[in-house]
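By written order: A, B, C, D, E and F. Residues from 1 in each chain.
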C-alpha cells in the first residue's frame, strides 16, 4: 500500500459510526445547558444577569485550550508515526479551536463592558487567550501557504508542537507579567461561590461543546480524506490517459 | 563497496514517477539516466542523495540500508543538482573557499585545493570576480570544481553538461574517468551525450499509476 | 567546528555585504524607538515609564525584518541542498546560520540600545540591566524566528507569515525582558528575570535546532 | 423557571444589549462553522465521485463511502 | 492598461495569494500592535498616549517586511528581464508592483487600524484622522520603499547605503502621521499635517517611478 | 526589414568581450552564436535586446538606430535568457496567463492562446501544477511556450535546448522553422546542436583585454 490514505476505510467507518452520537450530544448538551442557564439559573448577587454570559464564555474558553492540546497530540502522532490521518485530525481541529477561542474573546469582551466598563483590558487571562487565538491563526495560515498537502501537513505539525511546548511558558509568563502591574480586575466567581445551579448548566454546556467538536471532526476529516483521494485519482487518471 | 537499489518507487505530490527500479553499481561503474522531461531522473538522484524518502523499496550500501545512517551516507557522496549553488555576492574563489572549509579541509590545504580547482575549471582569471557576474557556463564550471574539494565515492550528477562549452565537457570527461579509475561510482542524468565510456544505461519511462 | 565557523563567516559576509541587512535592522530599531517621544511628548516621567517596553518591542520587531530570508536565498540557489549534505548535522548548520543572524541583528541592536535608553530618560541603574537582558533575550528571538523561517520555506507570503508564526512564541522573552529592566528601575533585583531569560534561551538553544532541522529537511524533499 | 415574564426575560435585567449578542454570536459562529464544514464535505464528496468516474473506477473498493 | 492590471493581479497572487493576502497582513499588524501593551503595561492612559506611535511603527514594519523582495525575486528568476521588455514603460511596471504592495499591506492595515486604536483606548475624535493619515501616508511608504528595493538590485558595493538613503525619507511620513493623530487627540486641527502628508505623497508618486525605473534598468545591464 | 550590426563592441566590468562585430540579418535568416564559456554570447544577446548599452558601434533596424526607440524595439523582439522566468508559486497555466495578459492579448483570446501554448509544449497535464514543482525540462518548455504568446520578428534565444529532452528539442526545431517561414529572424546561442537549418554561424573568440 503506497498511499496510507488510499484506503482508510476502517477509520472512515469508525467516524461514520460516531457522528450521529456526537451530533446528539452536541444538540442536547448545548440546548439543555444554555436553556438552563438562561431560564432557570439564578443571577449573581454582584454581577446580576450578565453572569449568564458565563454559560458560553467558560465552556468556550475550556474548548479553546482543550482543542489546542488535542491538536498537539495529533501532530505528535503525525510526526512520530507518520500517520496522515492524524495530520488531518489536527488540521480539522484548528478552525474549531479558533472559533471557540474567538467566542471566548467576544463573549468576554461583551461581559467586560458592563462589568469593568471597558471592552478590553490587558489582563493576563485575556492576553494569553488572545495569544492562543494567534497561534491558531498562524497554524491555519501555514496550512494555507502550501499547495502540496504533504509539505503543509508536516510543517504545520512541527509548528503545533513547538507551540504546545511554548504555550505553558507563555501562559506562565503572561500571568506573572500581569501581577507585576496593577491587576485590572478581580473575577468574583471563584471557587466556593459556584453554586450547583450554576455548575450544572455549565458542565452540561461544556459536554455539548465537546460533542460539537467531535461531530465537526468527523465531518471535516472525512472531507479532507475525500479531497486527498480525489487528488490522487486525478493524477492517476491523467497518467492513465497518457499511457493508454 | 557497492550500491544496490531494490524495487525502488518514488511518489511526488501523490503522483508515482517510477516503481520497481532495480540496479547495482560496483566501484568504477557508471550509470546513465535517460528519460523524457519529468520522468523522474532528478527525483531519483535526490532520493539516492537522501533528500527524498523512497515511497517503497530499499537503497543498500554494501548490503546494509544506506539511507538510515544519514551521516555516513552524506560522507560518501557528492551531489550536483540542476542549480549551481553559486553565491552571487561572493567572489568565485571565495565561493570555493567556503565549500573547502565546510568540507573540513585544513587551513593550509584549503588555499591550495581552491587554487587547483579553479585552475582545473579554467576559472583562474575569474578568481576575484563576484559569482553573480559569471557567465552561465562559468557558474556550472564552478559547481563542478566543487567535486574536487571533497573525496567521495558516489557522484550524483544531474545534467552536468548544461551550459558547458566543448572544452569544459572534455574536462568533465577527464574528471569522470579519473574518478572511476580511482574506484568511484557515478550516476549521471543527461539528455545529451556525455563523455562517459562503458556506462550502463537506465531508461525511466513516463510515470505510471500508483 | 571549522565547518560551523565557515558557515557563520559566510553568512556574516553575505549579511553585512550586499544586503545591508544589519544597517536596515539598526536603523529600523532606532527609528521605531525615536518615534515615541514624538507622540508622547517630552515628559520625562512618561518616557521613562514606557522606555523598557518600547525598546523591547522594537527589538522584537526589528529581529523579524530579515528573518524570512534566513534559509530562503540558500534554498533558491541550491546551496541549502549542499549544506544539508555537509559533514555537519543539519541542526548545527541551522545553529550556525542563526548565530550569524544574531550577530547581524540582535548583537548590534543590543549594543545601541543603552543609547536609546538614555534618550528615553531611562533610570541610570536600569541601563546595564537592559543591555544584559537584550544580550540574553535576543538570541532566543533569532532561534525561534529561525524555526518560523524554516517552516515557511517554499510557502506563499513567507515574509509576513514568519513574524505571524514567531511573534506569539517569543512573548515570554518580551515579558521577562521588560520585567528585568522595570525591576531594576524600581530598585528591585533583576536577577530572577534574567535567570528566566537565560532558562528560556537554554531551552530554545536545545530544542530549536531539532525543529529547524526537521523543517529544513522537509523543504528539501 | 426563574423569570416572571417574557419581557423580563428579554430585558435581562437591563443587560440585554450584552447578553443577547453574546449568545447570538456564539451560536451563529458554531452553527456557521458547522454549516461550512457540511458544505465542504458535500463538495468533497462530489469532487471525489467525479474524480473516480474520470479515473474509470466506479467500483466502491476504496471504501470511502462508509 | 490591461498589462498594468495583469502585473498588479499577479503580484497580488504571488506575494500574498489573493484571499490570504489581506488576512495575513492584518493578523501580523494586529499582532505587532498587541505586543506594545505587553511591553508597556496595561494602563489605559499610557496606552492612549502612545497609541499613534505604536500604530505608525507597526505600519512601517509591515511595509518594510516584504518590500526588499519587491523586485529581487523577479530579478533572480529572470522575470524582471521580461517585464522590462513588456509593452509598458518600466516606470508603470514599477508603479503596478508598488500598487500591489500597498494593496496587500498599507490598505488593509489602514482599515483595521481604527479597531486597534479602540483597543489601545485612543481618543474617539482622533480615530477618523488616524484612518485618513494612514491612507495618505502608507502609499508613500510603499513608494519610497520601492526605490530602496530597486536600488539594492543594482548597487554593487553601495548596497549598504540603501537603508541609509530610504529610511530617512520615510521619517517625514511618520512625523506628520503621528502629528496628525496627536493634533486631533488634543482637539487641534489635523488639517496641516494631512496636507503635508498629501503633498509628500504627490511628490513621491511623481518622482519615484522615475527613480525606480532608472534603478531597475541599471540592475539589468 | 533587416537587422544590421556595425562594429559592435561590448565591455563588461572594464573587460572587453568582443569588438568590431558586424553582421546583417534578413527576414527568414538565423544566426547561431558559438564560442567558449564567457566569450560574450549572452552579453551580445542582452545588448541586442536593449538591456546593455553597446560600448561602441551601432545596431540598426532597417537602417535606423534600433535601440533609441526602446518601445518600438521591445515590440519587435522576444528574449529568452538563461533563466526561465517561471514563478514557482503560480500554476503552470497561470504563469502563461500572466504573460498573455501582459502582452495585451484580449481576454477571450488569452485562454485559448494559453491552452494552445500548453498543448504545444506538452504541459497540458501540468496546467494546474505549481511552477516550482516542474522538472527542469518542463520549466524550460514553459519558457519556450511564452514565445507563442507574442508575435515578434526577432527572437533572441540563449541556449534554449538546455534541459530539454529529445522530443522537446524536435518541437523547438519546428517552432524555429515556422518562425523563419513567416519571415521571422532568429539569433541563437548554443553549445550543442540545434535543429536550425542553413543558419549562419558567428564565432566569438575568448574575450581580449581592453
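Structure notes:
Criterion: a residue touches a chain if its C-beta (ideal position, glycine included) is under 8 Å from a C-beta of that chain, and two chains touch if they have at least 3 such contacts.
Just so you know, these numbers come straight off a predicted model, no measurement behind them.
Counting every residue number used by either copy at the chain B-chain F contact, over half are found in both chains. Between A-D and E-F, more contacting C-beta pairs join the chains of A-D. Of all chains, the one whose mean C-alpha position sits at the greatest distance from that of chain A is F. Farthest chain from chain E, judged by C-alpha centroids: B.
To overlay chain C on chain E by their CA atoms, one rotates by 175 degrees, a value rounded to a multiple of 5.
Work out the mean CA point of chain A and of chain C, and you get 31 Å between them. If each chain is reduced to the centroid of its CA atoms, chain B and chain C end up 37 Å from each other.
The distance from the centre of chain B to the centre of chain D, each centre being the mean of the chain's C-alpha atoms, comes to 54 Å. Centroids built from CA atoms put chain F at 29 Å from chain B. In chain D, no residue touches two or more other chains.
Annotation for chain A: residues 6, 134, 137-138, 141, 145, 148, 174, 177, 180, 231, 236, 240, 242 touch two or more other chains. In chain F, the residues touching two or more other chains are 82, 88-89, 133. Touching chain E in their complex are the following residues of chain C: 16-20, 23-24, 27-28, 31-32, 35-36, 38-41, 46, 49-50, 52-54, 56-58, 60-61, 64-66, 68-69, 76-77, 156-157, 159-161, 163-164, 167-168, 171, 174-175, 178.
Listing the residues of chain A that touch chain E in their complex gives 118-123, 127, 130, 134, 137-138, 141, 144-145, 174, 177-178, 180-182, 184.
Contact residues of chain A toward chain D in the complex are 6-9, 12-13, 16, 30, 34, 38-43, 48-50, 52-53, 56-57, 60, 95-96, 99, 102-103, 106-107, 110-111, 113-114, 212, 215-216, 219-220, 222-227, 229-231, 233-234, 236-237, 240. Note for the complex: chain E touches chain F at residues 2-3, 5-7, 9-10, 13-14, 17, 77-79, 81-89, 220-221. Touching chain C in their complex are the following residues of chain A: 79, 131, 134-135, 137-138, 141-142, 145-146, 151, 154-155, 158-159, 161-163, 165-166, 169-170, 172-174, 176-177, 180.
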